[in-house]
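Common to both upcoming complexes is chain A, partnered first by chain B, then by chain C.
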Partner chain A sequence: MLLESFFTVLADFATSPAMLGLVGLGAILGLVLGAIPGISSTMALAILMPVTFTMEPGVAILFLISVFMSSVYGGSISAILMKLPGTPASIFTQIDGYPMAQSGRAGHALNYALVASTVGGMVGLALLVVLAPVLADFATNFRSPEFAAVALFGIVMLSFASNGSTLVASVVGFVGILLGMVGFDALTDAQRMTMNQPMLQSGLNLIPVIIGLFGLGEILQNLVRFGDAPTARPAIGKVMLPIAELARRWKVMLRGSVIGTFIGAIPAAGSAVAVSIAYAQERRLSKEPETFGTGHPDGLVAPEAANSASVGGSLIPLIALGVPGDTITAVLMGALMVHGLTPGPLLFANDPTFVSWIYVSVLLALVATLVLGLGMIRAAVLVTRIPPQLMYVFIAVFCVIGAFAIRNDMNDVYVMIAFGVVGFVFSRIGLPVTPLAFGLILGPILEENLRRSLMISQGSWKIFIDRPISATLLGVCVLLVALPLITALLHRLQGSLAGKKSENIPKNYPGE
Partner chain B sequence: MKRRQLFATVTGLMTLASLPMTSALAQDAYPSEPIHITVVWPAGGGHDLVGRLIGHELSEIMDTAVVVDNVTGAGGSTGIRHIAEADPDGYTIGVMGLHAVSQSFMNPAAPKLDGLDPIAYISDEPGAIEVSVDMGIDTLDDYIAAMKSDPMSLMNGNDPQGGNSFIFASVIPDALGVNMMKLPYPGHAPTVTALLTGEVQTATLPIPPILEHAKAGKVKVLGVAAEQRHPQLPDVPTFKEQGYDIVVNDFVMLVAPVGIPQDVRAKLEEGLLKAIKSAGFTSAAAENGMVLRPGGADMAAEELAKQVELVYPILEQADLVAEELKRK
Partner chain C sequence: MTPPIEGSARKTFAAGLFFLLLAGAGWLLLRHSITLFSGNQMPGDPGPFFLSQLCLTILALAGVLLLVFGGWSWARETRTHRHTEAMVNTVREWSLSAGFVLTLLAMPAAMRLLGTPAAVALFSIGWIYVLLVSISGHSWRNLIEATAFGAATAVFIHLFFVRLLTLPLPV
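Up next is the complex of A and B:
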């Protein structure tokens, strides 16, 4: 019945020029708003919500979902071209996307991001349509202990997410976790590390920190090299990417998509967690992990696919339970309420047409984003032709605007500048900054849920082992940590057995 | 050449002449600029919805653009400070609730309430207690009996200290004579999720976030802490009807910085009241589960004073009032 109404609605929408026009308009607005640093998908929706007040509910949903889906990819444009993530979910896109653009492969990077984003979105949608009831069940089994376990899992993965020493990465990640504690405690509203200063009470918001670490940090680096000959503008290179290149990465896209959908389906986990785990996972599995961060397409493709797939995932709790999966779906829910539709178990159970509306809107929005996004790439790469001196000024201005706009708070600008200096110092002395971002994302989730779990269990740590999902996740964490030790031990044993062959210990990284 | 000079002189003079005129005009005809409504919570929440709906109506009534600014962080204090420190010209107002009262006592860095000028009252948000239907508890008496036999059997989901559902979770069990295990969640949406997934068995949320779930039969509302029954849930008795004298509520009002010129303030109050009473806002707000009780500046100030007297003792008893903010 659902499939039937899905196709009816699809036929209705896809043959109506007015509807297609609206999808196109929504996609363009989403691409542009998403590409502006500091305007997150959430804000793009909130800004455009009043426009839909006079529309019919179905039309309004179509428009808003178009904006939403395209802003997810839009955020990657500024991340790749300017090293400024437009949305929290594109944090990991710039790690490999920006180096690609700098080496004259901006068009390729945008292509990878767009296609991965589309594939991720499609996989997320397909899983949403087919598996919604199963995934909803899975999602409801996620409670505080499981959230804590997922966060811990992410933190363990952290050690695989950056080049160089695992120990250094862990220490930097730990600093990130500590920084995440600044501000109001999520469980008691008590202040921590704030010294009663309004500036610190706001906490260290992720976006200003990231913009500072990566965007401003990069500019400061270039200022230091000011005396040198001006950096050459990167060549535009070939804009379009051979399909075969893309198709070769189907596994990476699929892995990212599945991770994105599942993590997106967990209420409140959000796309930032999905992309960080997808990135770390891909780097861990890669045969050439040391090239991650220098412009490896896989490092771009995996988080992009996860990012879009998490949209489909985050709609699952909304449709199955009537609770929003993340802040973006919460805004979408608010928009529905304005139209007198309150998403909840009743609406979806009683009105399959309405659910079909949402599914069809996601599908059309993905197609529109792909078509318009491909059209825009040629124009977008021209950004890289701007002389570097001018470009850095633009980026600096955008850093300030982006940091301010996220909460309309001047304090966030100061935070951004401070972290710009941190990013600069870190790269001067050779410390990785990615684990800092990891810690800042996952630390608060781990802490909040760990403490709440212990409140529920009245202090007993057994709660984490008694529950199957959290026990499994913790088991995987232990394996991840222990595996390198065990293999190293085995190699040593082998080595001593084989006597002199010990010099030929297989290296962990073939690329070394 | 001469003609061009003449042209330039004339345009220059006209610009000069028009400058004082426009500013005089601006003073006469409030509003001549966009009005900014500050919402201290992120986009997507209840206050955000109120800000955007009111903004939509107000822009038509006052014939000017209305912009919603989400100034968030620090438990709402950043946004409240933004309102209190704005120019008192009638172009910055904000949506405020109980949280600002709590923060003004808990957080020495939060703005004091006397820096805010209540302009219009929108709604009461009565407290309530909800239980997941899986528990098989149908009445308030069943709940009390269950809690008396084992206080740990039903855990309650609520805000961190100072939020409205935390205040409700302090007042309601006290009056019912039971001990409640309170589990904090950062906001209403995660609390609803916890109630639906079964991590907590009860919640003390106000009605709007759980209205649809109550209608769907997933959640049972055992009592409403108001004088009258909730308009959207006419079958749910009040606590008073069930023999417990509990009336406790959050509120939603619109505030401005202190010191707005009298005539501007009067126009603003009139426009806001019209927006609150408009058909568009009334129906959307009612469907969303808000209990509208529109009122002007005087009523808003009176209600705020009442809330201060309600909240202070609760926070003091829980030892949450900051040392330097304690009443002597």
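Up next is the complex of A and C:
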């Protein structure tokens, strides 16, 4: 049924020049924006989202997925050529990509990254098609307690996967949940934290918040470091790689892809975790691990495949459970909701054609990125040379117009600016921004299902423990929050024991 | 024990203060909302303010913990005259971002008063010029470059958003 629908949609797309043109346009914009230092995939998606407001939902999603998929590879361009990773996931791309570029093999590095990205994306898509319906079928048994537990699990997982302290990230997640409570309560009509302001009564609009946090917030952050970027631009060298050279690395690509998909599928684990595991795994398996970091193609191919595959992986919980897998899918979920679509298990039952539409969009976006990416490798160098002062100003204007365009309301512009400042302040004081956005998205889901569950059980909290799935998820949440504390305590205990035993042992390890 | 936020006592202290202020503001807003609530809720429902109150309690607790821990670690760090230098640097670093935000806040009013293309042109020309000056100092070339790109941005916004997408932006 789904397969049949998939091929029907694919045939419709393939014969529609308008759709193909839109995929191409999205891919070009994604490549260009992704390649500009300081613009992440999330930011590219957030600033282009308002452009889709006048489009049909399906067309809008096709365009946004094209931007999304191509910007993942686009982010690698600045990482390889300028050592400026646009996203945390690209950090591992630059470790071996930049030395390759410095040694005159920038074209080869970009080519490796492009092919690995395409292979990773294809593997991620294949696993998405296979696993999402299974997970969605399983999730049709979910009731309010399970959904409440899944929402909490998503927030805690993200906090766990965030850089730095899990507890601090969890607290930021609670700030997001709190912001999600602003406005009228759907169950009792109570006003919450609205200060009697009409603009707050319907709650905080998600899109200006996202544009502010990830768009304006990053520009403000970049302005602090303005003028610090390296100015030397390497030569691009030969672009095309022998097929045999690429084929020789199929195992590396496959390993990276599988790791990327499965890690990406864990709600909130995200591509950054996937690429770090893929890189570490490849280095561990390599016969020449000491050359990693000096321009080894495997060190570039593995994280790049994992990065792209994690996109498919992160779409699995989004489509099957309605829980975004990472920040970018959180923005994508916001776009779906703006267009009146609620992802989740019922999407498969109620609108299987739309699910196929998403799959076909991912496939076409990957093909477009490959074709345009190959053609644009030389042009990519020009993109990285656009002066940042022009880009920052242009994007800031885009953020203002985009925030206004949501409801033709200037108040949304102020909300966007306020959250831009919040994103900036968070970055400066070392707080993660992503749990805030996650809390804002998942908070209302958590609240609604928590209260419904308690109404069903007449106020008994046992309902969450009596049901095995919610009990397991809540148990994992408690474990994840407690884990850093337990680990810290164990380390202290070990440290004090070791300190007593080994007073005469030298403190430096060999090679340190 | 290392401070939990990037190992920095200052950042941990700032985050604690931020959480506490947020919790305080949240409690004030919530108290106002609670006084307006008529109190009709279903049996078993913990009420519309339950989760907000829970979040605020967690925020306040986390704020106090981070504030105390950050303050304690900060007090233990050796204080040198570099603190003043660091503060001057921080102010200098933040000034561009602060100026950027202030001009953005003026944008909606400027769009209503002057129209979107003129407001966008003013903002773009001004900021491209400021950023160019911060790299290479004042020159006529920079001013011409800023004017050209700022005007081009305004034309693009007008053609794309006003003409093509027909958004009701003030013109």
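The definition used in the following text is that the second predicted complex is superposed on the first by the 276 of 512 C-alpha atoms of A that agree within 3 Å, B and C clash if a C-alpha of one lies under 4 Å from a C-alpha of the other, contacts with A are read in each partner's own complex, and residues count from 1 in each chain.
Note that contacts are C-beta pairs under 8 Å (C-beta built on N, C-alpha and C of every residue); 3 or more make two chains touch, one makes a residue touch a chain.
What you are looking at is a predicted structure, and each value in this text was computed from that prediction instead of being measured.
Of the two partner chains placed around the shared chain by superposition, neither chain B nor chain C is touched by A:Leu241. Of the two partner chains placed around the shared chain by superposition, chain C is the only one that A:Ile417 touches, whereas chain B remains out of contact.
In the superposed model, A:Ala79 lies in contact with neither chain B nor chain C. Contacts of A:Asn408 after superposition: both chain B and chain C are touched.
After overlaying the two complexes on the shared chain, residue contacts for A:Leu187 are found with chain B and with chain C alike. Contacts of A:Ala309 after superposition: neither chain B nor chain C is touched.
Judged by the touch definition given at the top, the superposed model places A:Val175 against chain C, while chain B stays out of reach. Contact with chain B, but none with chain C, is seen for A:Gly203 once the two complexes are overlaid on the shared chain.
Of the two partner chains placed around the shared chain by superposition, chain B and chain C are both touched by A:Ile456. When both complexes are aligned on chain A by C-alpha atoms, chain A residues 185, 187-188, 190-191, 194, 408, 455-456, 458 touch chain B in the first and chain C in the second.
Those residues of chain A whose C-beta lies close enough to touch chain C in the complex are 51, 54, 164-165, 167-168, 171, 174-175, 177-178, 181, 185, 187-188, 190-195, 216, 219-221, 223-224, 226-227, 388-390, 392-394, 396-397, 400-401, 404-405, 408, 410, 413-414, 417, 420-421, 424-425, 428-431, 443, 446-447, 450-451, 454-460.
Contact residues of chain C toward chain A in the complex are 4-6, 8, 11, 14-15, 18-19, 22, 26, 29-30, 32-33, 36-37, 40-52, 55-56, 58-59, 62, 66, 93-94, 96-97, 100-101, 104-105, 107-108, 111-112, 116, 120, 123-124, 127-128, 131-132, 134-135, 149-150, 153, 157, 161, 165, 167-169.
Chain B contributes residues 42-45, 48-49, 52-53, 55-56, 68-75, 77-78, 81-82, 106-109, 152, 155, 160-163, 183-186, 189-190, 192-194, 196-199, 211-213, 215-216, 218, 283-284, 287-288 to its touches with chain A in the complex. Only residues 42-43, 45-46, 49-50, 53, 139-144, 183-191, 194, 196-198, 201-203, 205, 267-268, 317, 321-324, 327, 330-331, 333-334, 337-338, 340, 342-347, 349, 407-409, 411, 448, 452, 455-456, 458 of chain A touch chain B when the two sit together in their complex.
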